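Look for chain A in each of the two complexes below; its partner is chain B in the first and chain C in the second.
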Partner chain A sequence: MNTLFDQFVLESRELLEAAGAALLRLERDPADRVAVNDLFRALHTLKGATALFDMAPFTRMVHAGEDALMAVRDGQAAMTGDLADRLLDLLDTGAAWVDGLEDSQALPGDADARAQALEARLRAALGGPAESVEAGTPSAFAWVEEVPEAERAKAAGRTVTAIAYDPAEDCFFSGDDPLDLCRRIPDLLFLRVEAAAAWPPLAQLDPYRCALRFRALSGASKEDLARLFRGVPDQVTFATLAIPARAEPAAPASLATAMLREQAHILGLPGSAEETAARRAAVLRAVRNILTAEGRDAEQAVLDRAAEGPAEALVRCVESLADGPAAEADTPANAASPARRALRVDAERMDRLMALVGELVVAKGSLPYLAREAQDGRSAEALAQGIKEAHGRIDSIVGELQDAVLRLRVLPLSRVFDPLPRLVRDTARRLGKAVELHLSGGETEADKDILDILGEPLLHLVRNGLDHGVEAPERRRAAGKPEVAAIRVRAFQDGGGVVVEVSDDGAGIDADAVRRKAVARGAVTAEQAAALSDAEALRLIFLPGVSTSDSVSDLSGRGVGMDAVRGAVEQAGGRVEVASTPGAGTRVRLVLPLTMMVTRLVTVETAGTLYGFPVTLVTGMQRVPHGAIRRMKHAESVVVQDEVVPLLRLRRLLNLPEDERERKGEAVLLVDLGGHPVGLVVDAFRERADVVLKPMTGLLARLRGYAGTAVLGDGRLLLALNLRELL
Partner chain B sequence: MTEKSSPQPRVLVVDDAVTVRAYTRQVLEAGGFAVDEAVNGIDGLEHALAATPDLLIVDINMQKMDGYTMLRRLRQDPALQDVPAIMISTESKDSDREKALLAGANWYFVKPVRPDDLTAAARLLTGLCGGRS
Partner chain C sequence: MPIRFEDRTARFEGACTVEEAIPLAEWLGAAEAPRLDLGGCTALHTALLQVLLAAGAPVAVPPEDAFLKEWVMPVLGKRPP
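Here is the complex of A and B:
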């Protein structure tokens, strides 16, 4: 890949993002000059960048956006919601193209048509003089349908202006030159000169009277053409028409197909044995290259096999390759692309890393010196002292290095916040709700992996808040609330983790409705549901299939339920909390570790082995006297802060022998499993530890209940448990 | 024998019009190709024999030796037999296309050729990946 192109991909993404942010600002406050200029500048730079490459539709599309903004900037057009929609369309299309370009270095086959369509819609949104694209062909322009296919192809997939020019009979006397006028039509795609009426007998033909009329198609706009024909406005009519794209646009995908067909055709051409052999060699190489270029290397083997067989087999093979996966041309872009593998690193952080490496090099220098001292027979005591000092220095540098490396992967949460304003805007518009999004704490930092995991759940929570949480304006008014609802997304660091909170001032969650739903879905029995406190009942929404709205909307009904949110967050070693007050709103809180590379674990000892639990799951540790443990049949429970918490014994969960020791009470670790508090009886609490968790591999990978292993500083092995699997 | 061409495939452009050569060079270089030029069929053959190109782009009507003859000769040389070739001409009849293919071309373009089409065709025939390399 060439670096110029990589640079383009990177830069255009940034420009598109900047443009999107400016556009949203502008829509909120159409008088925001800074936003107009930001947006204009971003598009302008983007246009310049696209023009460096072979991607005319991209350039044209961005250019159209730039024009629209210029009109807004110069006060010729207003920033309407419609225009904003069109511009957002443009940015979306641009972003999709950039993704595609990164993948294949080519624009999609329909790029030209899409650019044209966007261009036309932008013009329409600007309220230009009736510039809307007529759906059908007006009867005066029925001739467009009769344009020969070969000519029509030039206009296929484009929005063009059709021109019907019927010069007045006496036009020559007013100095008009109709043919010259027609030849000056910019971007002329088609021109037909025809008799205005049936030809009179030659003797009656008056050469001073114009007997012709002109029909033309041009890629230029109506205004440009009107300017050209300004001398004869009464003799000309225009129509803006969208010429449908033909089945075979000259797109790379179909070019490949056509080329493969041609190669099959060449194989069947007559000639001497020598000639056909030579053509066959050239065809084979061409077909192989086409397959390579198309990323269809897997099919090379098929070709190789056919090449060994008879001539007809090869022809059939090449024909079938031509019919091949051309239809899948779109897939590479759609297949969950490992987007943005490139990581931009703050120069300062890089400098710190360099400085530390420098220090390490210096510190290392003391070791040969110590070795020489040892050779020279220095006392063991003095040597030990020297080694200890060197170790101390190196140890502190390595510690800082580790931290610095971790910092390289740390990014601000604003990255996952970025899509939210757009999501809220679009969704609120669609739902007819007035919603203001408040973002705060975007500067809070977390590991890139955590951000990756956070993205989806965050979108879902905000979507949920918009769809189910926030009421329609009438209902809000009736409830005495401000019509504009608020959705707040707040991030902050808390202890060893990062907290992201999504709250709304909507109707809140009806705990009874959740109970009913959970019972209806068979998630809990009616008795169980009735026994739950309201706070406990709310947590039922994290169970699969329990949703809070009766209507399945196209927004939240996407199969990503709250259980998926919980799943994703827990997979990252975090937890989810929900709180809701009927009538006042809902708050969902995601508590995540700062990084997935180093996991902070609470360690406990049970039956002589160390076990660890992610610190984000642990809500407390308590010594519980035997008397405080209640027993009902085989189930044990304990009351913690007025809440009945089921008690489980780790030894039993792991099928270890019972604890026979004499003791007054139990060591109970309180953990929160997505809203289900559980007390876990362990033998003893141990210290917390930051570890690099290694996943279980080989045979062990199949064991359920283990999240991974880690080696502690003193060399002991620690098993990290996955409580959800265990319970 | 898949031709894993070097990062920059070499294209030999054979045309007697200097503007056409310059234009083609510009388009192809922008598309990631290295370009050699020859002014007629004989010159083209000499260039091809001196340094085997990854692709030939050949005009038809040239002085001294036309494109058809050049391609036919080229296809007789074991070392150049399988080099993919594109012929470009102003003639748009099917019979012209057929003549080009018979002479040994793999693809035929009618002038004028859009830069995108030319680059796309060159990429396909040289196996220059869209970015999958």
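Here is the complex of A and C:
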């Protein structure tokens, strides 16, 4: 893939996004001139970009969108919901094609048919006549098929406008000069001048009666041409046509192929063992270089494997490499990888990073000096002083460097907000509800990984709100609420994390219904359900299989959603809160850490080992006297802020021996496990620590009670626990 | 005068307009084995073109003008039936 193409992929994604946003604005306010122009500009630029490559259907499809917009802009058509649907369809198709292009560098096989279908539907939405352009070449333009090959080649792969100009006989009297008009056709690709009828003898010819007609192809748009021919609209017809690209002859063997073949040949040359070995090494080097230059590093492994085998195997391997890059089927991983998104970084942040690296280089310079001092027998005290100073300098730089690198990954939340307007629009339309989406706090920043994790849950929450939260218009009217419901998505920073809040002014969640559902699903017993407060009952929606709605719609309500939301958020070290007032609405809050690279842990000591828990889960730490612990058979509990909290002992959870030491009370860590407060008895509290958490790998990955390990500043190992799995 | 009618040759110069159509047709009808010099022609009115096409007279000097050379000459070169 070349850079131009890469750039195209990135740029067209951005353009499609920009177009989508502008379209939504336009639909909301059809008089929004800025939105029309933004949309128009995005499509126009996209059309230009697609034209750089051999992808006529794409160009054609975008062109059709442009046509439709032109009609809207000129007031010939109204921006209806239908038209918006179709334009959005077009953008979606475009986005899918771009994804496909990135993977395979080719449009899907049905691209042409799809482009045509979209074009036809756009035209239908505009209410215009289903014009000529749909299938093949319309009969009035049969001559296009006869365009000589040389001219055809120029137009190949492009969307062109065919012009059939039959001047009126008396046109000269109104001052027309048809040939001159044709001269002014922009981007003229083909022109044929033909006699309207057989020529009479010269003597009988009336030079003042036009007997010629003109057939032309132009790369200009129909609109541009219509403007040119505005004086003779009755004498000219246009058709937008896609001239198919000619089948390219098989690409000649590339230079790399030839070079690789040559290397295979060299390997096969006879010679002494010594010569062969030397040749082999040289060939391997050369082949590696070729592969690298071709961007085929992935195939180095194949080569390495073959290099260990006998000479014939290597020859075969090099020959197969010469035949071209490994077929796509060999690398299924590629197809599965999600769309690559470029990370745009502020130049300022990059500069800061550079400056810090510079400082680090300078600070490093003091170390050889210290080494020389030590060799020269300087006093240990002076040396220690020097080392401490060097450490201090390097430490502060590394700290800043870490911060700077983290900042590179920090992006505004507006990125995850972007798809929401479209989602709300489409869903509300489908459900027949009137909903206004209010977004705020899009400028709040969070780590890229957090944003990636946040995307899906956020979509889900908004969809849920639309589907279950917001009532149908008649019910809203009956309840005396404004007909247009509001869904608010708000982001802000709070403490060490990011909070994203999704709220609606809908019907709210009926806690009793949730209780019933949870009991029916066997998630809790009837007694347990009855004992729950309403707020606690609401949390049951996060249990697998419990849904907030009785009806299962195609959107949500299958009871998998909220469970998945909780899972994703907690995986990122965050938590979910829900609050709802029946009749007034529901609010769901996602609390996430700012970054995943550095996790803030509360460390505790138990049985001589350090364990960590994400700060986001910990709600408090308390010393609880023995007397305050209530025992019911084996179950222990403690009252914290007027609430009975089950008490668990970390030693028991980890199968460690009981703590036999004499002590006055217990150190209790209060943890919020998805709305279930739990007290955890540990031996002792330790400091908080910012650590880079490494997940368990290999055999250890199966130990699900551990979230990962981290090395503390003093070199001790810390085990981060995944409490949910332990309980 | 954009078209100069010489003995056997009609010399087209500059933008040749519709007014020349009748004189051109008459000249072509009268001249014996007429020759056409389009070298200096920068614009040819449709009326003149159709006279030339109907007459089927050979073009001795093709036009320099790019548009005429590329799109009009090919038809002029073809003799009508």
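Criterion: the second predicted complex is superposed on the first by the 495 of 727 C-alpha atoms of A that agree within 3 Å, B and C clash if a C-alpha of one lies under 4 Å from a C-alpha of the other, contacts with A are read in each partner's own complex, and residues count from 1 in each chain.
One rule holds for everything that comes next: a contact is a pair of C-beta atoms (placed from the backbone, for glycine too) under 8 Å apart; a residue touches a chain by one contact, two chains touch by 3 or more.
Keep in mind it's a predicted model, so treat the numbers as computed, not measured.
Student: Is A:Pro207 in contact with chain B, with chain C, with both, or with neither (first, second, both, neither)?
Tutor: Once the two structures are laid over each other on A, A:Pro207 reaches chain C alone.
Student: As a test of reading the superposition: which chain, chain B or chain C, is in touch with more residues of chain A?
Tutor: B
Student: Mind working out whether A:Leu439 is in touch with chain B, chain C, both or neither, as first, second, both or neither?
Tutor: The answer is neither, since A:Leu439 touches no partner chain.
Student: Given the touch rule stated above, what does A:Val193 touch, chain B (first), chain C (second), both, or neither?
Tutor: Only chain C is touched by A:Val193; chain B is not.
Student: For A:Ala256, select first, second, both or neither according to whether it touches chain B, chain C, the two together, or no partner.
Tutor: After superposition on chain A, A:Ala256 lies in contact with chain B alone.
Student: Could you give the residue numbers on chain A that contact chain B in one complex and chain C in the other?
Tutor: Of chain A, no residue contacts chain B in one complex and chain C in the other.
Student: Using the touch definition up top, name the residues of chain C that touch chain A in the complex.
Tutor: Answer in residue numbers: 18, 21-22, 24-25, 28-29, 43-51, 53-56, 67, 71-72, 75, 80-81.
Student: Under the touch definition given earlier, write down the residues of chain B that touch chain A in their complex.
Tutor: 1-3, 30-32, 72, 75-76, 81-85, 98, 101-102, 104, 106-108, 114-117, 119-121, 123-133
Student: Residues of chain A touching chain C in their complex?
Tutor: Going by the criterion above, the answer is residues 167, 172, 176-180, 182-183, 188, 191-195, 198-200, 202-203, 205, 207-208, 210-212.
Student: Give every residue of chain A touching chain B within the complex, in rising order.
Tutor: The touching residues are 1-2, 5, 53-54, 56, 102-106, 250, 252, 255-256, 259, 262-263, 265-266, 269-271, 274-275, 278-279, 281-286, 288-295, 300.
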